[in-house]
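What follows is a short report on a single structure.
Chain IDs A, B, C and D follow the sequence of writing; residue 1 opens each chain.
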Amino acid sequence: MTASAQLTGVVPPLVTPLTPSYDIDTASLARLIEYQLTGGVDGVFVLGTSGEGTFLTDEQRQLVLETTVAEVAGQVPVLAGVIDTSTNRVAPHVSAALKAGVDGLVATAPFYAATHSTEIERHFTRLSELAGDTPLYAYDIPSRVGTKLPASLLTALGEQGVIAGVKDSSGQETSLRELVLSRREAGLDFAIMTGSEVTVDSALAFGVDGVVPGLGNVDPAGYVRLFHAAASGDAATARSEQDRLFRLFEIIDVADRSRMGASSAALGAFKAGLYLLGVIDCPLTAYPCIPLSEAEIDGVRPYLDRAGLH
Amino acid sequence: MTASAQLTGVVPPLVTPLTPSYDIDTASLARLIEYQLTGGVDGVFVLGTSGEGTFLTDEQRQLVLETTVAEVAGQVPVLAGVIDTSTNRVAPHVSAALKAGVDGLVATAPFYAATHSTEIERHFTRLSELAGDTPLYAYDIPSRVGTKLPASLLTALGEQGVIAGVKDSSGQETSLRELVLSRREAGLDFAIMTGSEVTVDSALAFGVDGVVPGLGNVDPAGYVRLFHAAASGDAATARSEQDRLFRLFEIIDVADRSRMGASSAALGAFKAGLYLLGVIDCPLTAYPCIPLSEAEIDGVRPYLDRAGLH
Amino acid sequence: MTASAQLTGVVPPLVTPLTPSYDIDTASLARLIEYQLTGGVDGVFVLGTSGEGTFLTDEQRQLVLETTVAEVAGQVPVLAGVIDTSTNRVAPHVSAALKAGVDGLVATAPFYAATHSTEIERHFTRLSELAGDTPLYAYDIPSRVGTKLPASLLTALGEQGVIAGVKDSSGQETSLRELVLSRREAGLDFAIMTGSEVTVDSALAFGVDGVVPGLGNVDPAGYVRLFHAAASGDAATARSEQDRLFRLFEIIDVADRSRMGASSAALGAFKAGLYLLGVIDCPLTAYPCIPLSEAEIDGVRPYLDRAGLH
Amino acid sequence: MTASAQLTGVVPPLVTPLTPSYDIDTASLARLIEYQLTGGVDGVFVLGTSGEGTFLTDEQRQLVLETTVAEVAGQVPVLAGVIDTSTNRVAPHVSAALKAGVDGLVATAPFYAATHSTEIERHFTRLSELAGDTPLYAYDIPSRVGTKLPASLLTALGEQGVIAGVKDSSGQETSLRELVLSRREAGLDFAIMTGSEVTVDSALAFGVDGVVPGLGNVDPAGYVRLFHAAASGDAATARSEQDRLFRLFEIIDVADRSRMGASSAALGAFKAGLYLLGVIDCPLTAYPCIPLSEAEIDGVRPYLDRAGLH
């Protein structure tokens, strides 16, 4: 079984539940995983952007990896983010994730320093060597990394067997369509996943394999229904689910953005939703992020109600 | 002696010399430090952006810190970059730098995730607690971090004693002047250093305390002459030195930017200059950066000649 | 009959054919219109971005308007761009277009000066008064104007009857979906058209009414087939047409971008295609744009061949 | 007498006073010109960005030109903005300004459509032919136009005699220094003026010839003192004036930016200052800009007081 064959469907990027003292809350993480598996997800992705991986110590990261692998227990693939500034600094994350027994690795281009396409190619090639048989996925998130991964580079990396797929969080539909078209024309089969919460029906319709939605933390079953509707050709149902999730995604605008950053507001809302649904015990985001206030947490509830989540 | 009192003049951000196999070249680093001290610099700053700190392993970083502290041997202050994505991930760099015995720490805002001003304040406050008596400097480099540190935040952090100064690499002269004016109006004395290579005479004239120029790797004595001219009120000599260095800085445009990133071209040029001057043994930049070609390295020489460097 | 009811389907933004001496080539314009009508388009839009309206004198603009209205002769609606920097400067374009007898007006937000949402609302409201019974469409093209029209503003303008619809060239799929959802939830019926060439099947699937594709100059019949397939629920045929047009759109990358701007390359390619197809006599773009070279014009031909255009 | 020789010192970009019904207030304009001449300015510039030229009808523009030329009566040069989207659309503004008898013309690169450096060169070359013996100045304002005029292009246009000088409102100090250095190295004498309000002492120190400050509407005498101090080598006085004007410039932040655009806030503050000083009768900005409230107008007064303006 190859990873590119297996990576399809709904693979939420799990948030990392924390205790009020900023430790990893493994009991809440276990419940979150159970909530996802019950929802029917096809995989889980930890230590990504939604997982606040860049905010955690090495020890905290290791605890997340081990807890997740143990709780998932092989029922679906576990992907791990290995996101750091450069090849040298990603390498120990790769070792740690392999040791924990994950099924796939997800890496961005180098960041902080601006790098060229050829330099990014060298980066992924080296990481692929370190990953060995474990599939490596390229994570395209220019809003965070400052660099857009060109479709031509991704296709070349796929042809070389360096990457087993792509998670596209670029928000650039044209580029994503180019990647899908190029893959087909080249006769390749690496996985293409969208990181969008709100354009999933479209992306599936033009050939994307699946979705890695942060909002899937809160409503995994909704994304699973959306995926299945799209896969079975029921575009009307897919669109209807997408429209419902589009409105649910507005929870990221509940928090007061004059008090906190965009990351804090979005991840705080996902955690608030899970807290209100009884899945996790504490909605805190990682230090130094400002947490949602009590009133803001309460403000998430009407969106859950409207979306039919209880 | 407070760090803010001592941080003034010319404090080049040292490049990190590498061997052809990407190890730290401690002999070249020692010669680079000797070259700087002979040039008359007032301090050195390692593991910053020019030092490719985000490209190095923890072990490599430690070797740079220990080598530098030993070679400088207390002749001037040693500042260390502790640049990483979040408070949690900066913390071990702080410990390592303190253990190595540096005289100051330089940290950016969190990056990868977008953070709010209040969150950045929490970040620096925590780092300051970790730093103890060792002064902490805020490094404002929005081109890399994605966030501009507001003058109001920096002034507040200065008033609270959280930071001992600022390295401004924002390229925003208005913001830098605001910071200088605010400092004066508030009666504060934290250090304000510009990271610009090419507007130093202006910055010193309106009240900045010193300069942290990447190009100072190649021509420390030139920046020292510029600083002394400005400090003694000889604006004409300061401008003349600045104009000469302005043209020398064009070495960053020698490399073919269709082959490599902006970081590689700039740092590769600094290293090429030091290599041609016999200071370091190998002009390689950190993996995965593309190195300058032989022809590109040779292309740096005429700029050195024109600037009177041999 | 209201304009919002009528504006649907394929409404290409016509290029403005020029003679070698930069005059309006009315004979070529007439043939272009005939080519469009034969292709089955549902309307034409002159003096937009593709029409180089901001490059033409008042006299040239008037000639384009009169020629188009005469040639179309009521077979389909004629929309006219009234794109200028401010309300005061758009006003005479409105008068001229009304005098020429167009069926709709298309205006952007003010540009050059940065304006606020409320100021944009005042702008459209005044223009709507000047337009009288002729429907006014808001043109959202932030890449040119520097301002994104918020969905909330557009919906409010629709509710007030100020605008009869929107042409969205923002490239922001999420914002476009928000507009479609808001329109439905508010029970409004203003027209929503996408200006994208390459995501039309998706946009139609989630509820957009039609398309204003610059590439429709070259292949109107292709977009008409795409629209009809989507309208009849044949998603596979729609996607297949879209994929073919996606590859045809690559003609905009034929010209050497180190010699000319992005506008020149794209519009030059559209005109080159029409020239090679025998529709227009001269592929020149407006002064001061650099024209495509002979070799570049020839370079467009293989794309036409591959797309089945002769 | 050449224009480049004459363009030096302080040349404020005059605001355009309006009546409450949005007509040109020629009496207020006459008083504004008198206020400027009394302040000792070296020229005036009408219909620029501060002059809201892109917001005015052709008739209003003509009235501003004629009023200004008549009031100035040859005491200092009158420069006129001829700012529009393309060569063809600038041309009639050139004719109108020449007919009114201005002493110089100020044009930007084309905007709305993105243009290449060579296309911009064609634009200025054609405008220069239309201008005849009247000097043409290039206006570099990328925040409005979307394109930065490269120093190499400006130097080339200077060498060709196409332009007599540059007004730099780019805010990019490095680029401005490059232009000054290139001019000196090429032995040229075209005028280089900064459009900055807050970095004038620096710019004059490194070789810029003068300043075109929007804030000069409110305090022309202050900029004249700053210029004379710098010209006579009294850097301390120049800096002291600059610091005072730096704080006065904060009037642009008085208005509530959640209610209006940045242009409205800045120009509204300049007009409010002139209104409070009794120079103009009405602080209204051009339609559709939101005007400052009474409270916001009052909020400007403390800044005038602190700056010693009555």
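General observations
Everything that follows uses one rule, which is that a residue touches a chain if its C-beta (ideal position, glycine included) is under 8 Å from a C-beta of that chain, and two chains touch if they have at least 3 such contacts.
Since the structure is predicted, the reported quantities are computational estimates derived from the model, not experimental observations.
Looking for a copy of the A-C interface in B-D, C-D or A-B, one arrives at B-D, which has over half of the same contact pairs by residue number.
Note on interfaces B-D and A-B: more C-beta pairs are in contact across A-B. Chain centres here are Cα averages; for chain B and chain C they lie 50 Å apart. Annotation: 35 Å between the Cα-based centres of chain A and chain B. None of the residues of chain B touches two or more other chains.
Put simply, chain A touches chain B in their complex at residues 49, 52, 54-57, 60, 83-89, 91-92, 110-116, 118-120, 122-123, 126, 144-146, 259-264, 286-290.
Residues of chain A touching chain C in their complex: 171-174, 177-178, 181, 196, 198-199, 201-202, 205-206, 235, 239, 242-243, 246-247.
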